[in-house]
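The structure appears right after this line, and notes come after that.
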Amino acid sequence: MKKLLNDPSAYVEEMLAGLVAAHPELTLGGESGRCVALAEPARSGKVGIATGGGSGHLPLFTGYVGQGLVDACAIGNVFEGPGAQSCIDAIRAANGGAGVLCLYGNYGGDRMNFDMACEMAGMEDIACETVLGADDVASAVPESAEKRRGVAGIVLLYKAAGAAAEEGRDLAGVAKAARKAGAATRSIGVALSPCRVPTADAPNFEIGADEMEMGMGIHGEPGIWRAPLAAADTVADEMLDRLLAELSPGRGSRVVPLVNGLGATPLEELFILYRRVAERLADAGITPVSPLVGNFVTSMEMAGASLSLMVLDDELEALIKAPASCPFWRVAA
Amino acid sequence: MKKLLNDPSAYVEEMLAGLVAAHPELTLGGESGRCVALAEPARSGKVGIATGGGSGHLPLFTGYVGQGLVDACAIGNVFEGPGAQSCIDAIRAANGGAGVLCLYGNYGGDRMNFDMACEMAGMEDIACETVLGADDVASAVPESAEKRRGVAGIVLLYKAAGAAAEEGRDLAGVAKAARKAGAATRSIGVALSPCRVPTADAPNFEIGADEMEMGMGIHGEPGIWRAPLAAADTVADEMLDRLLAELSPGRGSRVVPLVNGLGATPLEELFILYRRVAERLADAGITPVSPLVGNFVTSMEMAGASLSLMVLDDELEALIKAPASCPFWRVAA
Amino acid sequence: MTMTTHDLAGFVAQANEAVQQEEQRLNAADAKLGDGDTGSMLRRVLAAMAKVDVAGAAGLSEAAMALAQAAMKETGSSLGTLVATAAMTFAKEAKAAGNRIEADDMGRVVSAMCDAVASRGRAATGDKTVIDSLDAIARALSAGPATLAGAERAARDALDAFRALPCKVGRARMFPEKSTGADDPGMLAIALLLAQGPRAEA
Amino acid sequence: MTMTTHDLAGFVAQANEAVQQEEQRLNAADAKLGDGDTGSMLRRVLAAMAKVDVAGAAGLSEAAMALAQAAMKETGSSLGTLVATAAMTFAKEAKAAGNRIEADDMGRVVSAMCDAVASRGRAATGDKTVIDSLDAIARALSAGPATLAGAERAARDALDAFRALPCKVGRARMFPEKSTGADDPGMLAIALLLAQGPRAEA
């Protein structure tokens, strides 16, 4: 887990400098200096969408600032929530006068800091709503689904909420669309190897040479079980079964499948997983819509993958298919 | 280097099945069963572009089949050239009656098999031209530049040739544009860790825990030198210096910089490298145009990066900026 | 005895020294069920707080506010944000008290900090978090004598009492069988950082 | 003595057995300056060739053509493609000779194979590749006696003679100082696979 970096404590600042240099459509600013927004200011009258989270997950979070997606992003240190100042910076940048939806993953630090920022925003008369990504079925039992962490599924929530905002819905309407998207989305991941946080001198967890851990958190938090590394089809089945058990899409349903790489797993292997997912969905009479296979949400150089499913109705399907574009994802018109 | 796979010997077949399942705009076929092409057949009258190469480098090669890029791709086993049958399959699929440019990396096996396929194509009255990607400055001295291997720079050649074909140029014109793009492009890579070929039970090379190897080949062939892992800025400088020394773009020149991840290096670190590249280019009075930062050409889960530069004139700049789209890259209209 | 900005500076300096000793132990406690960063994060946060010119501040409230801001700038992690919340609450209390906090006020002050942390963290006593430590400390200080030694003892007793109970917040709640018998990293941090603190009266 | 499809099948079977012994040695030779796959690739290619029903083919030419196709289907690597090229050239020669190849024809046949490989590989004698082995074998067989033992000796002698010279093709040419003194993996493969082959006259 060797790293190409200069000063570990400058990792995030230097990464952001490179990001905005490579993407002139993005701008870095705010009082915190930790807010990425579209260089062209938020369209007046459109509901803004602010997100944020720790660094180390690119393209998440910053990479989804774009048309039809997210308007601004607060950036934390590696694997730590964004500070309250960067959260209010993102809310202000996203604000086009019609209020701001704060849409981010359900992690303690992130929530606390966005809560503080929303309180400040209230004092500035910026109306805020909050929707949390909480798609990781491995992070709490279904009965406490509200306690679940957010993982790769948030990308689909960005897409749905972003399209709703682009359509001109009001804040309550955009928040409703995001909540509906969240209710329809579940994820689970499998980790094969650890990663190393730049300031640490050791990997963030240990795992046997022939082991994998199902449901492990994206920061290396323990998962549901650890077992010998299984065949890709077995891993795909295990993940899919858990998601289908919760979402129970019937024959004839339409779902968005997202096979996501955690960092070091080759795209080739994500396609091998997707092959099985597509096969199984076909067997169950479920139609995959706009499938996504790639590195959408990573944990630095962790090896492994996650699977997300979003069950569509007509409204969600239209939102998912609406045009959008950001540095790392695009849906053509 | 744990892998998510089923049978190692089915790796390529299963990967391709997943790829075309996830991308219905692509189709897998040919007599070899190892040819990926646009589902919508090549536009009649347009010069076709066929490429090909070994697997294990996604998004290269298959991922660049798309509008304004490549029409068809021959697929070899992991790190082996494509067989002659898949090469002729790709040439046939790319053929829209105006001839086919075979554009691929300068590797022995790839060249031999495309040569055979071009001989067969000649018997079928398909006119073929060949242009080889040979951008890796570490793989031969400037005096034998024609012997150099192709690495990430080929993506820029696809873009230039694809745009020229889209414009309606004839075969000679498209080949000329590709050659001009090649002459203007240089790359160099740095490897930090090995990868493992699915059928092997050990990594493809060994490297010390604190070492990096400058100029190492994408299959793990020895590079220019091996040294203790340096700071990102030092690595960027070393790569940039070698490219600038060969290309010698003057003050006021315009270049496309491509910072490419080899697989396991986080996007964050590619941006840290790009930050320095952008700084250095600015100091040299060189303007970066359409910079690319991401995983464009990989070696499975190898850690490391490569830097490519293409020096632009008006013609190349127009070709680079022309609209294009494929599963892994898009240039907006 | 009235609390001064010097007392506050001394408290931060001691905690900063302590965390340098205890970093790995805290990381290890967090690694059992969390992401293993409690110690390293606290070390960074306390280093940033220790750089604040606390003793030179205009008053207790300004000093505490500067500490809160330093913590907030350094991290957006759960515990770091709660540390900042606690410092901000101290600042508010000090301001309301005209910058004069007596030892006998400390029970009430820590109780206010506990409430603020619970509300920010959306958690409650009994969840096995720093809230339970703060709650125990507030009760001990209110019962008197209001000394740092008493606070330390309360934090240790709370740590011991909660060890056998399951954790109810964060990812750790997924594994009641694993959290039972293990120290909550935040509670452990409070006990360890107070233990190394100055033994003088607060 | 006239060569039969049985002789060809036996030759392939022996080479297939030999490569299973020598896989790692060939990989190691390639790993010095190349990508370290010569042995594993050849093992796969020869296994595919060994599955062909060579002895049951209609004639020598058909048998060799089936071998070439099996190799081509299996790999697009440099050496694998050259093996296929050589087999295809053998097929062409056999066809031209009405499927009758005598021991005394073998010098001419291998010389044709050598030319085809050189033209496909765009390399020449002296570059330190399999071309130099084929060239040496062709010359030895032409000079007579045309035996497999003679071919093996020629391959070994070529390997020994070229060891001290620098490699001039592929990535290895970048490191003349490293390739000097090292065996070319392709030349080594020919020597090892012939060495384990049947000692009967070709």
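Note that the chains are named A, B, C and D in the order they appear, and that numbering of residues resets to 1 at the start of each chain.
One rule holds in what follows: contacts are C-beta pairs under 8 Å (C-beta built on N, C-alpha and C of every residue); 3 or more make two chains touch, one makes a residue touch a chain.
No experiment lies behind these values; they were computed from the predicted model shown.
Undergrad: Hey, how far is the Cα centre of chain B from the one of chain D, in Å?
TA: Chain centroid spacing, chain B to chain D, equals 32 Å.
Undergrad: Please work out the Cα centroid separation of chain C and chain D, and write it as a whole number of Å.
TA: 75
Undergrad: Indicate the whole-number Å distance between the mean C-alpha point of chain A and the mean C-alpha point of chain B.
TA: 29
Undergrad: Where in chain C do residues touch at least two different other chains?
TA: none
Undergrad: When you check chain B against every other chain, which residues touch at least two of them?
TA: none
Undergrad: Assign the assembly's chain-to-chain touch graph to one of these shapes: line, ring, star, complete, other.
TA: Graph shape, chains as nodes and touching pairs as edges: a line.
Undergrad: Which chains touch, pair by pair?
TA: Result of the pairwise touch check is A-B, A-C, B-D.
Undergrad: Under the definition above, what is the set of chain D residues touching chain B in their complex?
TA: Against chain B, the touching part of chain D is residues 31-37, 40-41, 72-78, 80-82, 85, 120-122, 169-171, 173-175, 178.
Undergrad: Which residues, counting only chain A, touch chain B once they are in their complex?
TA: Spelled out, the residues of chain A in touch with chain B are 1-6, 11, 14-19, 21-22, 55-56, 58-59, 63, 192-193, 209-210, 212, 229, 231-233, 235, 259, 263-276, 278, 288, 291-295, 298, 300-301, 303-305, 325, 328, 330, 332.
Undergrad: What does chain B use to touch chain D in their complex?
TA: Against chain D, the touching part of chain B is residues 32, 54, 76-77, 79-87, 107-113, 115-116, 138-141, 144, 147, 149, 197, 199-200, 204-205, 217, 219-222.
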